[in-house]
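We call the chains A, B, C, D, E and F, going by the order they appear; numbering starts again at 1 in every chain.
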Amino acid sequence: MKLRHPFRASLAALALGVLAASPALADDPKFDSGDTAWMLTSTALVLLMTIPGLALFYGGMVRKKNVLATVMQSFAITCLVTVLWVVIGYSLAFTEGKPFFGDTLGAYVGGLSQIMLNGMGIGSVNPLAKTIPESVYMTYQMTFAIITPALICGAFADRMKFSALLWFMGLWSVLVYSPVAHWVWGPDGFLNDAGVLDYAGGTVVHINAGIAGLVCALVMGKRAGLGSENLAPHNLVLSLIGASLLWVGWFGFNAGSAVAANANAGMAMAATQIATAAAGLAWMFVEWMARGKPSVLGIISGAVAGLVAITPASGFVMPGGALAIGVAAGIGCYWSATTLKHMFGYDDSLDAFGVHGVGGIIGAILTGVFAREAVNPAVPANPATNTAAVAAKMGLLDGNAGQILTQCYGVACTLVYSAIATFVILKVIDLAIGLRVEKEVERDGLDLALHGEIVP
Amino acid sequence: MKLRHPFRASLAALALGVLAASPALADDPKFDSGDTAWMLTSTALVLLMTIPGLALFYGGMVRKKNVLATVMQSFAITCLVTVLWVVIGYSLAFTEGKPFFGDTLGAYVGGLSQIMLNGMGIGSVNPLAKTIPESVYMTYQMTFAIITPALICGAFADRMKFSALLWFMGLWSVLVYSPVAHWVWGPDGFLNDAGVLDYAGGTVVHINAGIAGLVCALVMGKRAGLGSENLAPHNLVLSLIGASLLWVGWFGFNAGSAVAANANAGMAMAATQIATAAAGLAWMFVEWMARGKPSVLGIISGAVAGLVAITPASGFVMPGGALAIGVAAGIGCYWSATTLKHMFGYDDSLDAFGVHGVGGIIGAILTGVFAREAVNPAVPANPATNTAAVAAKMGLLDGNAGQILTQCYGVACTLVYSAIATFVILKVIDLAIGLRVEKEVERDGLDLALHGEIVP
Amino acid sequence: MKLRHPFRASLAALALGVLAASPALADDPKFDSGDTAWMLTSTALVLLMTIPGLALFYGGMVRKKNVLATVMQSFAITCLVTVLWVVIGYSLAFTEGKPFFGDTLGAYVGGLSQIMLNGMGIGSVNPLAKTIPESVYMTYQMTFAIITPALICGAFADRMKFSALLWFMGLWSVLVYSPVAHWVWGPDGFLNDAGVLDYAGGTVVHINAGIAGLVCALVMGKRAGLGSENLAPHNLVLSLIGASLLWVGWFGFNAGSAVAANANAGMAMAATQIATAAAGLAWMFVEWMARGKPSVLGIISGAVAGLVAITPASGFVMPGGALAIGVAAGIGCYWSATTLKHMFGYDDSLDAFGVHGVGGIIGAILTGVFAREAVNPAVPANPATNTAAVAAKMGLLDGNAGQILTQCYGVACTLVYSAIATFVILKVIDLAIGLRVEKEVERDGLDLALHGEIVP
Amino acid sequence: MKIVMAIIKPFKLDEVRDALTAIGVHGLTVTEVKGFGRQKGHTEIYRGAEYAVNFLPKLKIEVAVSSDQTDKVVDAIASAAKTGQIGDGKIFVFGIDRAVRIRTGETDAVAL
Amino acid sequence: MKIVMAIIKPFKLDEVRDALTAIGVHGLTVTEVKGFGRQKGHTEIYRGAEYAVNFLPKLKIEVAVSSDQTDKVVDAIASAAKTGQIGDGKIFVFGIDRAVRIRTGETDAVAL
Amino acid sequence: MKIVMAIIKPFKLDEVRDALTAIGVHGLTVTEVKGFGRQKGHTEIYRGAEYAVNFLPKLKIEVAVSSDQTDKVVDAIASAAKTGQIGDGKIFVFGIDRAVRIRTGETDAVAL
């Protein structure tokens, strides 16, 4: 008797009064095909966010002479991080660190037991996602590892060497992304233990990438021509396609973070949709009032800000909370992209920090306000949050004001570590091979100089 | 003992001879993870239809100076309708109206019990979709509410004020879409009770949007330059991308309307694919014969016509029926877009009525011909159709000629109500703030004047 | 007792102590909703590969005057093959041939029992996919039948008559694709019986299309201007979007070939991701060394080469094997597209053979090296491979060196039959209506001459 | 022979073409150009950065005519292209030594 | 010095360039233009609406040459650009007062 | 009156415009062109096929000025557009018979 669905089989067996397990039962004993279906889909959706989503979102915003170089960045990062994640990233993020690195260092980074995906096979499971095959969980998490460095590219658009970019992204992925992911989601991550709530990666992905982007912008300096030349986006249709695919793909990012096709995933999807729409409208209306016109770049930037801000909160909040977070993100990120940036004078070219950093912080803190036990009752979807702190009340609305402080703690740790590590990596690369392209290359466009191609 | 998968848990419990159920069992007792996975996916697919699908389909067809304004319309409607759906739309469409509005009015619109999604939570279920969380069903239906008004935009391309558009779409969504959705799909909708068959929204979405588009075209008048200037599509590559994403996304629209991952969804998907292909070929060959060349705009228009026409029929017909509906839609919509329009002289610029109105009517009526009990036997996938009329024979082919009349009744009710309501809303907005942009704005392009941006 | 959710049902039954099954239970007795959800999704993903994925991948690579004609090819093929698949293709590929055509011919092609999808209904099942409805399996396989001929278009870009293309693709689909699919996946296919491993279609889809492309390139001759004019891609942003959608959609192609949402699908998805990334990097670095610059066209071509090569291997190999196959494909296809082609002087314009043919052969042979029983233990995901040969050790790494020969046998059969049949079909069409457009049409661009439209 | 070269607003092209056809001029060449002049450009705003766009889209029309037709052509263009608003453009006239029709090799007046 | 300005069919560019190089002309400037003339345009059809496209894509070539080279240049262009079919285009010649090479400040013949 | 026509490197446009404004020239027309000359193009590589791109993007600037201003304008452009590297471009000057401002019908010097 060969059976594909051992569960059902054994049920049948029980029903029939046959107590001896069938031999095929050993096969994949614990996987839920519905959960697996949703996670396979979610993986595709999150990959769609980076290629072509983010590639186009950024690609449309640069000048025509740099569009190929810009979309190439997202694509090459996708390839590079995939390989690094297989080699070491997954192990550093999602295995226990203490057995390898001792109790001190081991609290901050995973171990080396799954280097080269050692041990991942047809029957293996990651304890963080018990109802789906490990291969699915590994690939799903890979897509998060891919998009995070790709987000940073917005900060230094139009001026980084491609070789330097590959070195930077490779090192950053291993030295920054994997450890921070481990802190928040890893089996013995210290922010996880501290009770930080981060449903789908507001801290790990967005704040992390945002602050790294800010450091890049500061270290690399401004684009030539900023303030004197017209650096207007060359094709906002591309950016709108990108923003739309980010939105659609984000269902995989947020609702996928339930790691199951259940009601928590549903609530996360609903919250995502609501916050995004609210943020898009908020940015649009504020801009309309402040500048006289609602722009395409405005509404899509607002939508992305909403997606960012709802990320940590998505599986924890009610629709009303999602609406509030969306409005706050739309207004807050409008302010950061149009005012804060000019106030301090850094050239965060496509607002990697302005949208992902600031939006991520707004979302992380408001998660501490709006997270409700009712949405994520006994077992939080993301096992990372499955801690004592969480099992009790969640955020301010549940009467747990302290959660806001916990959230700030998570934000601060990420900001500090990511900023310092990014700075060090950049400086090392700058010394070794230089970060920035020649002045003539910047003037004539990266497409031709770096890649030998143009869009006529 | 806290468990994520109560079923499995209890199986284990049984296996262990532990007969007392764990308390966690009460959690989400009725959700099917496979159905939920498919409906999460379908929601993403239908969103993809509007952004970037429809945005690009329409955006490619206008002149370059209006492309940003056109894609902005779809994006802004997505944001606006999302929020309105949360606030009141879902309640008006999908709750019982009689308790709130009395037996007369209450037969035509839902109630206010779920304003602000009141009552939607981790464990809630909409009786129309018993195997998935309500949050998923609500968001899935939201994506239908989004695309319907966005379709109307094709009728008045290149000439509507953005502010007027927001007012129009907001009012139309609440005053037209929600009631009509209630008639056909609502728990006590009168067209539902009358036995009208509309599997995935031919009436609610396409006829509704199509006739509203026609009224818009009539009220707003023609584009400046029609007949004298070259108004040719500026980039049919964008339109082809859009049509392709509409096609792919429509699997979520039609097969998703099974609200389950079952054989009925499979039949709906197959029918969708077949009718779309047949309609694309039909339009192409008719145009080839009539005009001498098969155009890109022709084949993609035909495909969309096929998608529209199969929508009400998708889960009710056999492959042969789908083929026939596709061919009829391809030819019928070719005629309406190239002949009917010129005959009456209205400027339905991108054929919102010509494709969605006419295609919707063809599909609705032919559903009365080709619907087979064999495809949707005892329990229709869409609970809306779960009525006495349906439980028996379905369409003409099943020997139930009367179904054609029933279908016509549904079409007529929708045409009349939507036309009148659209007209009134337009007139009110025209008086209040004006519908149409200034002549200079129209001449110089909406992109710069309304949004302050251009695609150079 | 027929149960939809036997588990839940019987659990409930047991829990309640109610032993009589509810009447609704009789519905669709054997389908797994999770598997069905994933296959519905996979179908959408594979369709996305062709429209707009492949359309854009190729469309961006041609000159601007041919972009509409190029994207039209993919779209029209999608429509045409859909209808042909319904009429006869599915039957020829996926039913038993011997009862119809006798033991000799019947070994090489399926029968006619399912012409017009005869017998496909709400409750039907294809024995090759027992846990999902036949309608889903039929449509899923249809998307493979669609993309295969569309791939060929890369070989003769910029010079084929549209009418000739429709005839060619229609005949090829019925006379070449369906039989070859039957050999490898059909219930009594001879390559299946010979133990050829082809998880997701490396032989059937890629080698088949690749060699047909080569024959097309040889028969039709070179593009006018090759070697003297600048035939550079007109917009690699489009190609990058296309490559990205191919990548994302390929999850449906490879992981969908598990025909279930299980651990084998997960392994196939992981292998796909890894090989693709490795191949993209490999092509990029080789080109960087050889030519001095890493190009966008290079990395996306490499990624597609990786996708092609991992296709036959995806559900059989460990991550290390996927990495090796990816690197081999990236380097091998770089060589074939840049050296081999020039060596022999054929004009395989967009490298249909260079990438799909060569990449497919590399993948097919390396499957014989890296296929592991551990990945696909007792019941291979693709029932086609469920043979004695497979049940034992798989590839060289499992100690079964003979598998490499078996793989070569499969490759050779496909190459020979597809080449000859393609040649004959081309010659017949050339005699009847001519294959190639007039010189002036080629010079002025196909868009205007064939379709009456341009992208200004 | 002269070339009459005019810079006009883009949406005036059809009117100008018709006016020229009406006076028997059946050939002209059009170029998309950007003009800088008294007419003020517009401002585009992107995430708070304002860009003053001073170069406005115009069309340049070149018509080769025999010397005696020049005035008629200048007048036809001037009245067809006029809106009376700033930015209407300019007309310049300069002499040419030769004109050749490539197809036939005909030269001068008959080549126009 | 003269400027030889030619309107040609786009696909003739390479031949014209080669013909000029062959007679020692090593500089020229090319502009994409739309031409209106005897050559009939085409009709595009979009959902039943027909648009007559009368402006056809052409290239304008400008070559500054010393006066004595003018005839050679005109002839070279005329024969390289010729297909003999309607729409082949025109060549116009007009005099220039000065020429300057920006890089060096050289003027006149040596600047070309 | 003269037209000063200059072929310059694209990124020099703003400097040239500023230089002209500084000497009181408030109108000009810009065209995107491709230039062929001493400056070597680049090579693009696509899947092993190399394409020599010999036509480089340049801008053509046309400024109509009164004859006495010509030298000043030529000098202003020449110095603003200069990088000293090959490919900086050329300036050509030729006379015009008439100038008309379409908006007002004003002619000659006052029309510029």
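By our rule, a contact is a pair of C-beta atoms (placed from the backbone, for glycine too) under 8 Å apart; a residue touches a chain by one contact, two chains touch by 3 or more.
Keep in mind it's a predicted model, so treat the numbers as computed, not measured.
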Those chains which touch subunit E and also touch subunit A: B, C, D, F
Of D-F and B-D, pair with higher C-beta contact tally: D-F
Interchain centroid distance [CA atoms averaged], subunit D/subunit E, Å: 18
Whole-Å gap separating subunit B and subunit E, where each centre is the average of the chain's CA atoms: 54
CA centroid of subunit B to CA centroid of subunit F, Å: 54
Residues of subunit E touching at least two other chains: 31-32, 44-46, 94-95
Junction residues of subunit C - those touching two or more other chains: 7, 11, 14, 32-35, 37-38, 41, 232-233, 241, 261, 291, 293, 295, 297, 452-453
Each pair of chains that touches, named by its two labels: A-B, A-C, A-D, A-F, B-C, B-D, B-E, C-E, C-F, D-E, D-F, E-F
Residue ranges of subunit E in contact with subunit B within the complex: 44-49, 51, 53
In the complex, subunit A residues that touch subunit C: 2, 4-5, 7-8, 11-12, 14-15, 24, 27-28, 31-38, 40-41, 43-44, 47-48, 51-52, 55-56, 59, 67-68, 71-72, 75-76, 78-80, 82-83, 86, 116-117, 120-123, 132-136, 138-139, 142, 162, 238, 241, 261, 450-453, 455-456
List of subunit C residues in touch with subunit A within their complex: 6-7, 10-11, 14, 32-35, 37-38, 41, 45, 130-131, 232-237, 240-241, 243-245, 247-248, 251-252, 255, 260-267, 269-270, 273-274, 276-278, 280-281, 284, 291-297, 299-300, 303, 318-320, 323, 374-379
Residues of subunit C that touch subunit E when the two form their complex: 228-229, 443-444, 448, 452-454
Sites on subunit D touched by subunit E in the complex: 3, 17, 26-32, 64, 94-103, 105, 111-112
